[in-house]
Amino acid sequence: MADRNGGYNSGGVNVETTVLGADEIILNMGPQHPSTHGVLRVKLRLDGEKVVGSECVIGYLHRGVEKIAEHRSYQQFAPYVDRMDYVAAVSNGLGYCEAVEKLMNVEAPPRARVIRTILTELQRIASHLFWLGTHALDIGALTPLFYCLREREEILKIFEKYCGARLTTHAFRIGGLQYEAYDELEKDVERFCRDFDKRVDEYEALLTENRIWVGRTKGIGILKAEDAIAMGVTGPVLRASGVQWDIRKAMPYAAYDQYEFTIPTGKNGDTYDRYLVRLEEMRQSRKICLQAIENIPAGPILGKVGKVLKPPPGEVYHSIEAPKGELGYYIVSDGTTQPYRVRIRPPSLINLEALDQMIRGHLVADVVAVIGTLDIVLGEVDR
Amino acid sequence: MNAIIPYIWPVVFALVIVAVLPLIAGYIVLVERKVMADMQVRLGPMRVGPHGLLQPIADAVKLLLKEDIIPESADRLVFWGAPLISVTAAMLALAALPIGPFFQIADLNIGLLYILGVSSLGIFGIVLGGWASNSHYSLLGALRSAAQLVSYETSAGMAIVGALLLAGTLSTRGIVQAQSDIGVWFIFAAPIGFFIYLVASIAETNRAPFDMPEAESELVAGYMTEYSGFRWALYFLAEYTNMVVVASIAATLFLGGWMRPFANTRLFNFLDYFPLLLMLWIAGYCFRRTPKQPVPVQKMFMAAVGLLCLVLAAVFTIPVIAPAGSLLAAAKPGIHGAFWFLFKVAAYIYVFMWLRFTFPRYRFDQLMRLGWQFLVPLSIVNVMSIGISLTLHRQLNWPNLVAFPVGIAITLAAGAYLLATGEKHEQTRVGEDENAEVDSREEETPVNAV
Amino acid sequence: MLFNEVMFYVFGVMAVVSAILVVTRRNAVQSAIFLVTALLATAGIFLNLNAEFLFIVQVILYAGGIMVLFVFVIMLVNLDVALHQVQFNRQWFVALIISAVLAAQVVAAIAVSRHTLYTLAPAAPETLEPNTERVAFYLFHTYMLPFELASILLLVAMVGAVVMAKKRV
C-alpha cells in the first residue's frame, strides 16, 4: 500500500487506509500540541476516549544530518551531532568522537577519558532532570519542572565554565579534548553532587508515593521485556522492562570500566517503573561523577591526531549509552577527509516505535503520559 | 417611599460587590501567581508596579482591548451569551453570603440552598459556551466539565447537608449563630464533612488536581479554547468568583463564618489584636522594600501600600481599644467580622492553590470513580453518622465530646472500607483492561493482513 | 404591592414568551435555553408568592439538574440532521382541537370562579413563615407515608435504569 508518510508506519496500523468502525474517530495530536514534546504528530484512532490504534507522523524537524556529514570533514561534522538530541549534546559528541577514533585507531589519553566520563554523566543527569520536569508537567504536576530546571542549571553552568556553551556544547574533540579542565571543575562537580542526592529525594517526596501520580503511571504503557527486545528498544525504557542491558557495562567505553555503579531495572515495564529507573540512574550517575573526580589522571588531553583527519578506508560501528538509549554511529570511510556515509542510530526513534503497542487500550490522557515516559527528542527522531 | 427604603442598603452592597469583585478576582490571580512562584523558587510577576502589584490591571486592560474573535461557524448568539450566564450565576450566589454580621445583601431563610441552586446554573455557561464554539476540543471540554460539576455537586451537597443537620437552619446567618451557640466550629464536629466538601469544591471549581476541562496537555483549554479577549476574561472572572463562593460557603458552614477563633473564650481576647499585627507586618515589609524599588514612582507606590496597611491597622484596632458602649466599639463586630471572614476565605483559597501546585492531575475516569465510588458513599455515611451523633446527644443526652467522636469514627471506618474495596476493584479493573487490550489487538490483525 | 404586581407581569411575560420560543425555535439547543428561561421565570413567580422553598427547588431541580442533562443529551445527538428535517407540524388540525379545548377549560374555570377570584384573601405572612420548615413538616410528618412510598418508587426506577444500562451486573 502506498504510504505517504515516508514509509514510516509504527505498529503496522495505517489509520488512513483502515475502515473505521461506527464509534471510531480519528484525533490528530500534534504537531502543534503542547505535550507531544516538539513536533511529533500522532494520529489516534479512538473508540470514545479509548485508543484502538495509532500512527506517528514524523519528519517535521528533518534536517538531513546524515547527508550533511558526507560534505563535511570529520571535524567539521562534530558540531552537527550536538543538534540531534539537543537535551544531551555532550553524549552525542562523545559517541561521534569515539566512533571516529575507533575508525582511525587512536585512543584518547586517560585524562581526556575521565573528563569525558564526568561531563557525559552530568549530561545524563541534566537530560533525565529535563525529562522528569516535562513528564511531570504533562501529567499535571507543575512544580517539579522548576525544581528540576534549578538543578539542571547548575550542570549547565559547569558546561559553560568548561567550554563556553550551555546547550550545544561541542565539548570534545576527535582524539581527546580541546579544552583543559578549568581549575575548579572538581569542586564544582563535588558541590553539585553533594546536594543532588537530597534533591532527588525531594522529587521523590513530591511524586513517588503520591496516589495520583501512582494512579496515573502504574500499569500504564506496559512494555514486556520480549516485546522491548524485539523492537530494539534501548535505554531506561528497556531496563524498566526488566532487561539488564547497559552499554556502559556491556561494552565499556570512555572510562566506565574504572567505576562502580549498578544498573537499575524495573519489573513491570510500566510508566511508573520507567520513572523509578530514571531516578535511580540519576543517583548512579552522581556516584560515577563522585568517583571520577577523586582521581583525574594528569597528562595530555589530546591524543596523536593530525590537523587533517584522513582515516583509512573501512567502516566502523560504535555505540554509547546515551541518556535515552543506545546511540550508535556507523561510519564508512573511503580514505578521504570526508566520511563516505554516516548512519546514526538514534535511540528516540527506535523507542518511539513502541508507542503504538504501549498506548493501545489506554485513554487519550495516557497517551500524553506514555509519550512523556519514552523521553523522545524530536531533533533526534527526525535528525 | 417607604416601600423603597428596605431595598437601599442591599442595592448599595450589591453595587459595591459587583464593582469590586473583578478587581478582587484579578488580585486573586496575582496572589496565585505569586504563591506559585514562591513554591517554585521563582519571583513571579515583578515588572508592572512594585512586586507586580499593578499586574492585574495591566492584564485587564490587555484583555479588554483585545480583538473579539467569534469563530465563523459558531452559534453567535449562544457564543455571545454563554460567558454572561457563567458570570451572572457566580455573582448572584454572592448575594446571600454573610461577610460579617452587618455586611450581607440578603439574609434569606433558604440562604444556603439559594447559593447552591444559583451557582449550579453556572454549568449552562460552560456547556453552552463549549457547544457554541463548534470545536471538538471545546465540546469535549464542556461535556467533561459539566459531568464533573454535576457529579461533585452531589457529594458537596451531601457534605453540606451534614453541617446543616448540626445547624438546624438554612439561613447563612443562622448557621454562624448556631456555631457560636454550641461553642465549636462545625469543622470539629464534622471534620470528614469538611474534608468531603474541600475535595468536592476543588472539583466543582475545576481546579487542579481536578482541572480536567482545561487539562492543557490534553484538551488545550477545554470549553474556553475558542474564546478570547473580554469574553474569555468573563469566564475567568466566573471561575474565580466561584472560588470565592465555595470558599465562603466553607468558611460560613465549617469555619465559623465571621467569628474570631475562640470567640466565646475571654482568655483568647488577645486575638483581637491579630489583624493589627498582620497589617503591621505587611506595612513593615512594604517599608523595608521601599528603598529597593528602582523608580521613584514605584517607591512612592510601595510606601503608599504600606501607609494603607497602617490605616487599616488603625481601623482594626480603634474599635478594640475604644471605651465600651461608644459608637466605635459598637462597630467592632462588623469590622472584625469582615476581617475574620475574609481571612478564612483567603486561607481556604490558599489551600486550593497549594494543592494545585503540589499534585499531578487525575485522569477523567479516575476522577469520576473517586467522585461516585468514594466521595458520594462517604458523604451519605457522613450524613447518617452525624444524625446518629445528634440523636445520641439530644435524645440520650450524651455529652458532645462523646457523641461526635462516635459519629466521626463510624464515618472513618466507612471511609477505610471504601478505600480498601476501591483498591481491590481497581486491581480487577486493570486486569479487565488488559484482556480488552488483547482482544482489540486480535481484532486488528485481519486489518493488517488486508 | 405595586412592586409585586410589576414583578408578576415581568415574570409572566418572560415565561409565556420563552414557552412560545421553545416550540418555535428550530435549533434544539436554543429551545432548551428558552425552556430554562421559562422555568426560571416560573421560579420567579413562586418567589413573588413568598414560596421561597418552591422557588429554589424549581431552580435546583429543573433548571440546574434536569435541564443540564437535557442540554447534555441534545449536544451529543447529531443536531445537523434534526435541523434539516421537516418539523412534525402536519397534525395541526389535532393540535388546534386540543388547544381549543384547553382554552375553553381555562375560560370556563375563570368564568366559574370569577366571583371568588379576587375576593380570596391572601394568606397572612406569618402562616407562610418559616417556609422551608413548613414544607419539611408536611413532608416528613403529616404526609410521611406517601412521601416515603414515592421515594421508594423513584428508587425502584433508578435501580431499574442502572440494571438496564449495565451490560454485566
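General observations
Per-chain numbering from 1; labels A, B and C assigned in written order.
The rule we apply is simple: contacts are C-beta pairs under 8 Å (C-beta built on N, C-alpha and C of every residue); 3 or more make two chains touch, one makes a residue touch a chain.
On a predicted model such as this, the values are computed, not experimentally measured, just so you know.
Taking the mean of C-alpha positions as each chain's centre, the chain lying farthest from the centre of chain A is C. Geometrically, the chain at the heart of the complex, using CA-atom means, is B.
With each centre defined as the average position of its C-alpha atoms, the distance from chain A to chain C rounds to 63 Å. Remark: chain A and chain B have CA centroids separated by 43 Å (rounded to whole angstrom). Distance between chain centres (mean CA atoms), chain B to chain C: 31 Å.
Multi-chain contact residues of chain A (touching two or more other chains) are absent.
Within chain C, contacts with two or more other chains are made by no residue at all. Within the complex formed with chain A, the chain B residues making contact are 36, 39-42, 136, 208-209, 211, 215-218, 220, 356-366, 430, 433-434, 436-437, 440-441, 444, 447-448.
Against chain C, the residues of chain B that register as touching in their complex are 3, 75, 77-78, 108-110, 113-114, 116-118, 120-121, 123-124, 127-128, 131, 139, 142-143, 146-147, 150, 170.
Of all the residues in chain C, the ones that touch chain B in their complex are 2-3, 27, 29-30, 33, 36, 52-53, 55-56, 59-60, 63-65, 67-69, 71-72, 75-76, 129-132.
The part of chain A that touches chain B in the complex is made up of residues 12-13, 18-19, 27, 34-35, 49, 52-53, 136-143, 145-147, 150, 206-207, 210, 212-213, 215-216, 219, 360-361, 363-366, 368.
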